[in-house]
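The data blocks that follow each hold one structure.
Look at the two complexes coming up: subunit A is in both, with subunit B in one and subunit C in the other.
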Partner chain A sequence: MTAALPAALPAAFKAADFDYGAIAPMLIVAGGAVIGVLFEAFLPRRLRHTAQTALSLVTLVAAFVVLVTVSAQESHRGFTLARAVAIDGPALFLQGTILAMSILGILTMAEKFGGKGADAFTPMGAAIPGSAHEAAALRAGLSTSDVFPLALFSVLGMMLFPAANDLLIMFVALEVLSLPLYLMSGLARRRRLLSQEASLKYFLLGAFSSAFFLFGAALLYGYAGSIYLPDIAAAVTTANGQLEGLLIPGVVLVLVGLLFKVGAVPFHSWTPDVYQGAPTPVTGFMAACTKVAAFGAILRFVYVGAEANRWDWRLGVIAVAVLTMVVGAILSVTQTDVKRLLAYSSIAHAGFILVAVMSFDRTGVAGTMFYLAAYGFTTIAAFAVVSMVRQGGSEASHLSQWAGLGRTHPVVAGVFSFLLLAFAGIPLTSGFAAKYAAFAPAISFGGRAGVWMVVIGVIASVVTAFVYVRLIVLMYFTDPPVGEPVVAEVASPFTTAAITVGALVTLVLGVLPAQVLDLAEQSSQFIAK
Partner chain B sequence: MSNFPWLTVIGLIPLIGAIVVAALPASMADQAKKVALGFSLLTLVFGVAAALQFKTGSTQQFQLVEQHEWIPQFGVSYALGVDGLALVMILMALVLLPICILAAWDDVPEGGKREKNYFALTLVLATFMVGVFAATDVFLFYVFFEAMLIPVYFLIGSYGGPRRQYAAVKFLLFSLAGGLVMLIGVIALYKYGPGGADGFLVTKLTGLDLPVAAGRWIFLAFFIAFAVKAPMWPVHTWLPDAATEARPATAVLLVGVLDKVGTYGMIRFCLQLFPEASQWATPVVLALAVISIIYGALLAIGQTDVMRLIAYTSVSHFGFIVLGIFAFTTTGGAGSTLYMLNHGFTTAALFLVAAMLVARRGSKRIPDFGGWQRVTPGLAGVFLVAGLAGLALPGLSPFVSEIMVLVGTFQRYKLPAVIATTGIILAALYILLMYKRMMTGPKPQLDRPVRDITLREKIVVAPLIAAFLVFGFYPKPALDLLNPAVKATLQHVGVTDPAPTSVAEGSSK
Partner chain C sequence: MTTLQPLAAAVTSEPAAAHAATGITAYAWLLVALPALGAAVLLLGGRRTDKWGPLFAVAMSWSAFVVGFIVWIAMLGRDGESRAMHLDLYNWVPAGSFQLNAGMLVDQLSVTFVLLITFVGSLIHVYSLGYMEHDPDKRRFFAYLNLFVAAMLLLVLADSYLLLYVGWEGVGLASYLLIGFWNYNPAYATAANKAFVVNRVGDFGLSVAIMIMFAAFGTVTFAGVQEASGGAGSGVLTAIGLMLLLGACGKSAQFPLQSWLGDAMAGPTPVSALIHAATMVTAGVYLIVRSNFIFEGAPNAQLVVVIVGAITLLFGAIVGCAKDDIKKALAASTMSQIGYMMLAAGLGPVGYAFAIFHLVTHGFFKAGMFLGAGSVMHGMNDQVDMRRFGGLSGAMKITWATFGLGWLAILGVPPFSGFWSKDKIIEAAFIGEGWRPWVFGGAALIGAGITAFYMSRLFFMTFHGKKRWTDDVHPHESPLLMTVPMMVLAVGSALLGLVLSIGGTFSSWLEPVVGGHAEGEHPVLPVPVLITLTLLLVAGGVALAWLRYWRDSVPETAPTGSLLTRAARRDLYQDDVNEAVFMRPGIHLTRALVFADNRGIDGGVGGLAALIGGTSSRLRKLQNGFARSYALTMLAGVVAILGAVWVIQ
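Let's turn to the complex of A and B:
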């Protein structure tokens, strides 16, 4: 055993090297989150919503600017924090995507719809649903402005996740991104029991998956004598076969933990419940950003750490990808709730992305990243639209309530239809360019399995297209339901901006994707040594 | 003027028109159709001007070419160009567009926003129609091919008849499924191509040395999409529903122009890019084509809904077109391409005149008519002419193309040609029976008096009947454009016409 250890034990203790330029965006987000907590403690209540919104936006914008201007420079690329963090092309691209999307996420969370606090969130998360305590909190005009620092902490975890070069940092990032999300899922203002159920489910299943991840990481450490991904990769190629039995279980368990986060079948059962129960802006934020972060981590783990023995485990992941596409697509047909429908559609999309991941080529990395960016912006905008459509003050998430929306609210329905067409992958939307970017490498480099995955992906696309088209039919060609009218709330400039940007990105990435594709392609090289 | 981007401009004018129409202020909403008609006529003028730039004797496959980088990472260019076939298809679309807009004059009686959107969507559709025929980049073609589903979907779903939802969804899903299958082929084709930033150009993908199996699979992926579009038996079932539920003008553009994309795609892509696989698949394709001819005709005879009847005649006619394409003879190919042009006008005339009758009677059921010759002699007359064109009466244009297809097929494939010929007899049956049931008999008792053909309707019908007669007696201008394109395609396939005297070896491939 001792022969394998020296790599992990330095001769003398050395302070870790900090490339502040490389990690500055993460530090800024962490700082913003901490200040947000202080705001929560010391600012008077009436100021909090405004202050928190402003702080979060400033933090995220600042982090994004620093990322683009400083961290993206060639000199800052490389390993830092004692090789625990890798700032390379994929990490930077994904961090930038996460930051840009979380800005939109914060904008949707800040929506008040004319009320006192953020509309989507309960005045007091700690109060028992329906209790006198809750009513009192409502009367007192309390508002849950602590979602903003929670969101920032989550963003921090998301940024660290795809940059994590060792399994422990990856685990830390996983927890930092997940714990705030568990909380945020339980803070919905309406249908609180559903929201709390979602929170609990997400937490319990998330804890399970974390345990899987940790156990896998432990096995891999046992195998390679190191938690660094490049060391594991090196060990795979040079191993003497003594501890071979640890490798496959280790890789599989780590992958289970990661695939849980993207909602791949059979680790998807939390997705519809959580998407439905969580406050809608949180759902949008989580659907877009978590997926980016988790796929970033999967990419790094698979391409840097476990690539050398991929022939041993790829069949399993291919099966997962196929199942994810098929189950996601088929179950989305039977849904009657818009949020659950989008949840199953997000499962199907995770499957499509996995197809790109399994091509094992740089273009596959680029395709994955492009897909994540394209899908994320569309998703945030779509959930923002969902949060606007109301009946009797609460969200009209049942499909029947959307009937005739195209007649009563042509603009809202028009935007939503456009986003749905993007999900369906119709040309001239980002969904099509993304699907092409994901499927092309699978056919070119994925071998026979790649071709079959694409065939199944295409069939699944037709099924999901049916679902989206049915929703469009409902909005445009069906008469509105009788009873209380379904209205689209007049959104503040915040939500409007988020939807506009999301829809514009969806259009631009569909019509003129060359720039972003080029960026993704240039950013597709992992550093492995 | 040689560098003038003719095709882009022809595509852009209707798009600008659509935006203008959609953006008209509410006070001017009643002007929407006039503006739309103006833009469609302007497009036609530019289309004719572009056609005058086209030189029939050129050695280049494509003329009026434009090429710009679009998505170099995928190898996609914004590349437009036309050969004779594409030009004829575009011109046909541009001629039908103002006719359809004029025919749709009172389609949205409630006016206002809904009417504006109706005409705007029609114009958007025109943009995609030009794009899909003009694209010389496989990926760009695919983009137009899929994108044009959306305006049609809304045109059927928002403005159609009582079962419009069902028809619209069925249309979209059939087309989308076919299109996505083709997407796999598109991706795979690039892999075998030369690659690079313009690797999707048709010219770069022609004459590839594809592995036999891969070539056949990719051919299948393309062919399925085109067969759905065309539509061929057994994937034709969406057409009767879509055609009867859509507004007549939409049905004309759908059946007359959009479905041609299917047969156009077979010539441009299946034959040109996969010559080996095309010949490999010929027996099956011919069988499907013959089934389509007979099956479509038989079902047409049995219809009681006049719009469905016309839709089924189209299934039969598309069978003829596909038959001629896969006969691999110059006569057959030229006949098919000419058929594509003529069928556009025939279907337009049948649909639009039938719609005029339906609007007066308030029913699409054939038994609800009877004796209308005595009520509306003018309409009955043009309906008869349109019907006779549909059954390929000598002297009217479809006769020329149908005979060419049958002769061209007979040169190489005797049996399919013989069976297909019975389609002519069946055509006489379905047209004449329809005419007899609707027009002849005692004068019907009507609740309120109906007008005979109006001036607007005469203007709608006149150019169509003129087209029947012109191309019936003098098809040369069209054939001059089409023949070089057909010859070039057959050259890519690598077949020559069988010698006319050799009777014995006619069936050998």
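Let's turn to the complex of A and C:
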């Protein structure tokens, strides 16, 4: 067994190198999260919502500013923390995207709609739904302000995920980002049972997928004798044919763990249930940011660790990509709940992004990253709009309740229609530029399989476009339902800002995508040695 | 193509003739901007502008005239060769190696048009204040009028074919909107559609011409195309010329695209006067004259222009003899008069100046007569049937007098305007060798005689003879707001020709743009003989009309008439031909396509949608909500992928 160990083992023990500058953004987020926990413990209840919101925003903005500063300096690029973390172009680009989106996410979570605490979250997560305990908490005006530190911890995991250069750190990041999300999914104020069910399902299936990931990591360690991705790659290229039986299952199982997080078919089943049950701002946050982080990890694993033997396993991932696009598109047709509809749409989008990943070229990396940025901003804005549309005080998530919204609330319906058109990939929205950026590399570098994936992707886009346009038609050309009117709540400046920024980014990336595309292309080189 | 590339690169420089605009001319963009602002304010302002909107539109139109007037005066202050100025606005189409600036060419030709459009246009704006007084939608009407003026000015001021095309489409749009202004009447809406569709055919020609220019020369500016056309083959130039002519035929209602003009009279009468008589319909003539450098190199295309002009002038004249609707008769006359202009424009340098000259005088007298017709309708409960007019000279003295001056002008009676312009065209048509002068000159000569007949018929049936009024009408003179513009135009009809032709003022004014009249070219018949012949024919036409429509009584309902009369009443079966050749096969084709679409494509699409929906419903059952089933799905997926990868290996 020792014969297979490469020369990469350190010759002698030496202290790990810490490039504090390079990891400063993550440290800031971690610090902010810890302070948030202290706030929760020591601040009086009435101050917590405001203080936590402010702290989260300040933390994220500071981390973003530091990140931009750091990324301008070449000296901070490279491996750090004993090669466990790689700070390179893709890591910086994706971390920046995650930070920018989580700022919008926090803004939507802080929405109160005139209540005492954050509107989307239950006053007391620990109370049994419908119990007297819960009613008392509601009367007392309690609020769940601990979602903010939870979100920050999750952001920390997300930032670490695409930068993880070894499989253990990747696993740690995976869990750091997932555990807070499991909790946050169960904290919806209304339809508590659905929310708790979503939380439990997400947790169980997430644990299941983590097991696959760990198993795969163990197999790869057995094969390469190292958990560092560059070392695994080196072991593949210098392979002498021994232990081949460990390599392929190892790659596949690690990928299964990662593909679960992006909601690729057949590991997608949690997506609609969780998206529907989770508080809507959390859904938006997780749909956008988790996808960015998980695809970042997939990119690094595939391009740094497993690229050399891609011919052995790529067909499996191609099949997953095709299935994801087709199943996501087809199942979105019969959805009757707007959150579930967006969930299936996010599944289909994961398939489109996989097409770009499977091109195995730098432009594919750039296309993936651009797609993630474009899709994320649109998604957060879309879920923020969903959280505004209500009937009798609770969210009107059934599609029939959206009928005629274009007549009663033209602005809200107009913005939502625009975001839907972006999902459909109509020109002059970011969706079109993103689809182009994702599909072009697949055509150029993906070979015949790439071309076929794009053909299927375009057909799937047509099917999803039908779904979105049908919703637009419903909003504009159908009479509003009788009974209690469906209204779009007047949102605070927070939500309004989130929607405005999301919609503006959607527009700008659609009309003038060149700068962000350039940035993505400049940032598309992984460091592998 | 490769040999043309250096040429294309060489012609991007400015033409030597046009200097960069300075002084007031640098503000020539205001000409377009002011009426465009008026249209924007009225359309965007909505009902809030109802009260002051029409007056604002009138003010914008007059301001454009003032700017145009000052630009003209400034131009007069310079000597002939340095009068043309070029105004660069901004980089419009920055497409790699193809760069196109939006710019304005302010030269003698465009300023002539600017003065005609803004002056006549502003007068008609004023007239409309009276004519449209009681219309609930008059704000919209004035917005469209301003839009038209802006687009028309853009058309004549553009320095490239592409910018001209923008104005070209703009006037088409304004014309469409105004013809269908009373679109609650289905017939009027149909008329608007007809005008639009026929114009599309012409616009298609113009756009193809621009594409050929771009492909062959790599430039679409007037200056660039002029320079490149010097070295181009006659095949390319002929193709461009014929396509330009197709565009001109659509816009100017020339044969074979003339069928829309008669129906266009559905629009309010001021519209007929401004757009469908004085300005827009003459855009085709402008296009041909502006493109003189292309037609100089393409004699065949030039010949086609002359033929089209000759056919149309006779066609319009014949149709005009049979129409009982006063506006349609005037429309036929417009068509015929533009035929004269086309004919002149096709004759080359001997005719360009006279084409434009006739265009200007015609703009005055025809607009005046249309306004007169509007005034008559105003006093006659909006009736248009001349068989129910008669003897109106007593009731409407001002209208009678102003209309009379226009009538004398179009007849070509000296010393009224039409004599100076039309007679020159007839003379020019007789210049040349072989059969051409005899055929084209003869057509122009005979046309003058028929014109005299049908215009006199119109004049006598309306203002003289017995009163054949319906019982409920009480003819009265129109308000001053309407009659003053008519008087101004009547003065123009009477004197403009004389003033502009003293010492060949107008020809020498335009000479730097369209080239001069070479010495030594004489008509095949001596000029005095031609003038005498023309006047004799005119007198004959008037006399015949006098006999039949003044002295004899006119039946109140139209008699069956001869075969020719019946044909002329139906526009010489133009609509029937269009219907048989284009519309019916088109409808059958559409029906076949609809059938194929319903059965084949929709069936396919519907089936596909049903298939996807069915699959979706079935797949949905897998999403049963049980975490155990989800976990099983995942496990099955992992096993399947591992199995597949293992098999492939």
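FYI, the second predicted complex is superposed on the first by the 518 of 529 C-alpha atoms of A that agree within 3 Å, B and C clash if a C-alpha of one lies under 4 Å from a C-alpha of the other, contacts with A are read in each partner's own complex, and residues count from 1 in each chain.
Everything that follows uses one rule, which is that contacts are C-beta pairs under 8 Å (C-beta built on N, C-alpha and C of every residue); 3 or more make two chains touch, one makes a residue touch a chain.
Being a predicted model, the structure only gives us computed values, none of them experimental.
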item	value
Touching partner for A:K201 - first (subunit B), second (subunit C), both, neither	second
Touching partner for A:L253 - first (subunit B), second (subunit C), both, neither	second
Partner chain(s) touched by A:W313 [first = subunit B, second = subunit C, both, neither]	second
Which of subunit B and subunit C A:S461 touches, first, second, both or neither	first
First (subunit B), second (subunit C), both or neither touched by A:S444	first
First, second, both or neither for A:D273, with subunit B first and subunit C second	second
Overlap of subunit C and subunit B interfaces on subunit A (superposed complexes)	466
Residues of subunit A defined as touching subunit B within the complex	366, 410, 421, 424-428, 432-433, 435-437, 439-440, 443-444, 451, 454-455, 458-459, 461-462, 465-466, 469-470, 473, 476-478, 513-514, 517-518, 521
Complex contacts: residues of subunit C adjacent to subunit A	609, 612-613, 615-617, 619-620, 622-623, 625, 627, 629-631, 633-634, 636-638, 640-642, 644-646, 648-649
Touching residues on subunit B, where the partner in the complex is subunit A	69-74, 113, 142-144, 146-147, 149-150, 153-154, 157-158, 164-165, 168-169, 172-173, 176-177, 180-181, 183-184, 187-188, 190-191
Residue ranges of subunit A touching subunit C (in the complex, touch as defined)	200-201, 204-205, 208-209, 212, 248-249, 252-253, 256, 260, 265-267, 269-270, 272-273, 312-313, 315-316, 319-320, 327, 330-334, 463, 466
